[in-house]
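Below, chain A partners chain B and then partners chain C, in two separate complexes.
For the complex of A and B:
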C-alpha cells in the first residue's frame, strides 16, 4: 500500500512537474492609476425616528477621500441590500464595483444602537469581513469612522486614520475690531469642530504629543510668546517655556519625553531640545542664520528643520547623536516646514519653485524625487496623516485661509468644511486610542 | 499525549511478534532432523554353481572304490588237511594275493579311469569355459561394435541435426535482421515525419501561445488598477486556472509583494478580466498543455516612486 502510494506520488510529481514546465508566464508592467470602486449601500435603519448621521455616507466619504477608493453614486445602485441573502453580485459587477459594503442599524434599547456591516469582494463573490458595532446616536459618526478604518485596513493592509483628529487655529475679527483666535479640534475631515482654547492674542504652532493625549502650542496671551502644554481630556494647561524673545514651533519627540523648540534667547533663532522631565534645555544648532520649524524623525534619532543658512530657506537634517548635518532639499528657492511620513521615506513641505508660488510638495528621500502636489499659490503648514496616505494643509481661498487635503500622490484633493474665519496651521493627530 | 497514544499499538505489535516467534520455535524443535538410519548391508558371497553340483558326487565314488572286498572264510587245518590246508592256504594265499592284485589293479584302473574322467571333465569344463569366454568376448566385441556403430550413427545424426539447426538459425537471424532493418528504416522515417509534424505543430503552438501571451497581458493591464501603495520594484505572482471557454476559474497569489493592497489589486485585475475569450479558440490539447494554468507576474514600471 505504501509502495503504491509512493509510486502514485512520483507519478503526480512527474505529471505536475511536466505541466509546470509548460506553464505560460505573462508579465504585466502597466496598469490604470485609478482608485478601486466601492459601493457603500445606505445602511438599513429599522428604528422609527431619524438618525442624526448617515453612517454609510460618512464611511463612503472617508474611503473616497483616502485616494484609495472611489464611491459608486447611490443613484447608480440597482438595489439597497442590507443582508447577504439580498446581494446579487452580478448587479454590482455590472455597476463596476470591486467591493460592496452593506449594513443595518437596529435600535438596542434606550439611546443604544447596533450596527452590523459586511464587506464583499464583488469580483470573487466572497464575503471579506463583517462586524457588529454598538453605538449611540451621538456617537454614530465615530462608529462610521471606525467602520471606515476597519474596511480600509482590510483592503489596503494599512491602518485607517479616519478616527484621528486634527487641530487648527482660526482667527477672525470681531465687531469691536479686536481679533479672536481659537484653537479648534475636529474630526479628520473637519466635521464636529469644537473650540479648545480661545484668546484675543495669537495662537500658533499647535502640535500633538506622540500618544495624542496633549497638545503643545505657542500663545501670546501674556503679551509675549510662551509655550504651553494642554491636556485634551481635562483641558488643563501648563506654561513650560517663556524666554525673552522668540519662543516657538514646539515639536514632541516620538516618545513624548522631549520637546524640540525654537528660542531666540541667545540672539538669533536656534533649535533647542527640552527634556520634559528634568526641564533641562539643550541647544542643538549654532548658526547665525535662522533655524526654525523643527520636527522629529519617526525614529527619534534626528531633527529636520528649516534654515536659511544657505542663503534661502531649505530643509536640513541634524543627527542628534553625531551632530551630522545634511541638507535634504535642493530644488526651488524656498523649502520649509518639513514633515515626515511615519516610515521616514517621504518628506512633505512648503515648496516654492523658481518663479512660482508656495505649494505643497513631497520628496521621496530614497530617490530624491520631488513632486508638487498642489497648485493653489499660498499653501502652507502641511501635516501628514499617521498612515501617510493624506496631507492636510492650509490654503487661501478668496483671501481667506481654508483647510484642504491632498493624497500623498496628489491624485485626490479636497477642501474641508470650515467653521468660518481665517483657518491656519492644521496639525494631524497620531493614531488615537 | 503522543507517546501515550503509541503505547497500546506498540504493546500489541510486540505481543504478536512473540506469538509468531513461539509458533515458529515449536515447529522448528518438533521437526528436528530425523535420526539417520544406517542401511542394512547384505553380505553376498560368490558361489560357483558348477562347483557346488560336482563336489558331493566325488566322495561317493571314492568310498565305493576304497571299500575292500570281504575275505573268504578259512578251512579248518589238520596234517593232510594241514598240508592241504597249507596248500589250500597257499593257494588261498595266492588266490587272495591274485585277488588282491586284481583288486588293486582294478582299483588302480578304476582310479586311473576316474582320474582320466576327472581330467577329461576338467578339460571339458575348461574347454566349455573357454568357449563361453570366447563367446562372451565375441558377444562383447559384437556389442561394442554395434554400440560404436550406433554411436557413430547417432553422432552423425546429431551433427546433421546441428548443421540443420545452425542453418535454420542463421536463416532466421538473417531474416530477422532484414526485418529489423526494414522496421528501423520505417520507424526512422515515421519518426522523422512525426518529428517534422511535431516541430511544425510546436511552431504553430508557439506562435499561438505567444499570441495568447500578449493577448492576456493586454487584457490584464487594462484591468489592473495599480494601488496607491504600489512602488517600483514590487512584484507579485498570480496563478490563474482557466476554463476551456477562457473564463477565469481561480486566481491566487503564489508570490506576495509584501503589500496587501498590491496583492489584492493583482488578483482583482484577473477577476475583473473575467474571461479571456480568445483562449476558447485554442486547440484543446494545446490549451491543456500551456493555457489551463498560467502565471501572471505583476511588476509595475514607471511609477512615481
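For the complex of A and C:
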C-alpha cells in the first residue's frame, strides 16, 4: 500500500506570478530499436464525478516517453477490461501487444481513492504483478507516475524515474528588451510546471540536494552573483555565499552536509567546500587557472571539476583526503561540466572534439572509452536521471534554448520544445522519498 | 590587501597584460612593442583624437567620446591593443577625478559551459581593471562583475554575433 503526500501542495511560491506557465512536453525522437508493445487500458472509474487525471494515459505516456515501449492506441483496443475475468488474451495478441496493463479506481470515501492495477504478459497469458495504491484526486498524477515506475522496473529491470522532477531556468525577452528569468520546477516530463523564483537578473546553476528537499542556485538579483539555498516544501530560502567576485557552481555532497562551490575572492576562481552546519569554508584547489563546476563522486570522497590549468578546460578528479589530483579527460580540446552516474562509472560532460562543436559525451571511467552522444553544436548542462538511464541537457533549436535528452547508450532521444522563450540548465532530481 | 591581491595576480599569470600596459605608457609610436595578442597595428582613430585633446584630457566631454566596450578573442582574456589608448585615457580621468568610479562588466559568448564562461568573463574584467590601475586609477575606483554568457549584447549565432558578445563593458558609476 502506498500513500502519496503532495510535495507540491505545500509549496510556497516566492512570487505571485502566473502558475500556469506554458508547459514543456516530451517528444520522443528516437526509441530503442525494438520497443516493447504495451497496451494500457483506460482504468475503470466507479465514482460519479469526473476525475482530474486520466491515470492510464499518464502511465502510457511515461512508458512511451521512456523510449523503451510503444503504446497501443486506444482506438485499436477491442475492449476496455478492468478485471482479469474480462481479459481475452487472444484479442491483445492480435493487436500485437506483448504486455497488458488494466486497472480500476474506486472511491474510498471523501476525497480518497483506491487504485488497483494488474500487469499481464500477453504471450504467456500470465499475471506479472498487481498492486493496490491509495491516493486522492489531487495526487492522481503522482499515483500514475508511481504505477509507471513499478511497471517499468518489472519489465526492464531498471528502476523507474517517472516520479522524479526536474528544475530548469527560462529566460524571456520582454518588449522593452529586458529579460525575465525564472527557476521552474516540473514533473520529469514537463507537466505541472511551477515558478519557484522569478527575477529580472540572471538565475544560474540550480542543483538538487541528495534527498531532494532543497535546491542551491546562483542568483544575480542583488546585482551581483550570490549562492542561495531554497527549501522546496516551504519556499523558504537563505543566501549562503556572497563574497566579492564569483559565487557559483554549487554542488551538494551526497550526505547533504557540505556544499562545494566556486569563489574568486582570493583572486581567481577556486573550489571551496562549505560545511553546512559549522559554516566553515575550506579551500580545496590552488591554481591561477580557472577551477570551476565541482561535482561530488557518489561516495563523497572526491570532487570532479573543470580546470583550464593545462591550457584548455579539462576534467580533473581531486581526492579530498589524500589531495591526489588526476586528469580524467584527454580527448578533444574542451571537456567541462562533469556529472557522474550513481555507480560512479560513467562521466557525462560537455565535450568539444578537435575542430568540432560542443556536444554531450559520456566516458566510461573503467575502460576510458569516450562516446559522443549529440551533434547539435551548442549542447551543454548535462544532468543524469537518478536511474542512470538518460541524460537531460540544454540544446538549441533555431537559435532558441530547448531541453533535450539522450540515453547513455545513445539509443533513446527526446526533446522538449519550448512554447515560450529560452529554456536552459535542466537539473534532474534524485529519487524522491 | 587589495594591492597585494593585484600583485599576486600579476605575478601569477597576468604578466602579459601587465607588460602590455606598461609598454604603451612609455611609447606612443610602436604599438607592436606591447605585442600582447599579436593583433597590433590597428591603432584606433579614437585614441589619437583623445591624445590630441591635450594633456588635461580628463574632462567629461572627452571621456564621453572614449571607447567603453572592449572585445576579446575566443577563450582569451588579453586586452587587445586597439583598446589601450582609450583605457589609458579612462585611467587618466579616474586618477584626476578621485570621486569618479567605474564598473567593469565581463561577458563571454554562448559557446562552452555557463560557469566556465562566468569565470572567463571575470578574467576579462580583471584584465581591463589591471590596465586601468597600472595607468593611474586607484583600485577603489574600479569594481568588476562577470555575467558570463548570461547577458549577450546581440542575439544570434555565428562568429559575427559571438565576437560582439566577448567583451568588457566599462560603465561609469559616478563621474
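The definition used in the following text is that the second predicted complex is superposed on the first by the 359 of 433 C-alpha atoms of A that agree within 3 Å, B and C clash if a C-alpha of one lies under 4 Å from a C-alpha of the other, contacts with A are read in each partner's own complex, and residues count from 1 in each chain.
The criterion applied here is as follows: contacts are C-beta pairs under 8 Å (C-beta built on N, C-alpha and C of every residue); 3 or more make two chains touch, one makes a residue touch a chain.
For clarity, every value in this text was computed on a predicted model and none was experimentally measured.
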First (chain B), second (chain C), both or neither touched by A:334: second
First (chain B), second (chain C), both or neither touched by A:264: second
Contacts of A:50 with chain B and chain C, given as first, second, both or neither: neither
First (chain B), second (chain C), both or neither touched by A:35: first
Chain B versus chain C as contact partner of A:175, first or second or both or neither: neither
Residues of chain C defined as touching chain A within the complex: 5, 8-9, 12-13, 75, 110-116, 118-120, 122-123, 144-148, 150-151, 155-157
Chain B-facing residues of chain A, complex: 19, 22-36, 67-68, 98, 121, 123-124, 155-158, 364, 366-367, 369, 371, 389, 407-409, 411
Parts of chain B lying in touch with chain A, wherever the complex brings them together: 209, 212-213, 216-217, 220-229, 259-261, 264-265, 267-269, 271-272, 274, 289-302, 304-305
Interface residues, chain A side, partner chain C - complex: 179, 202, 204-205, 220, 223-225, 245-246, 248-249, 262, 264, 266-269, 288-290, 292-293, 306, 308, 312-313, 334, 336-337, 350, 358, 378, 380-381, 396, 399, 424-425
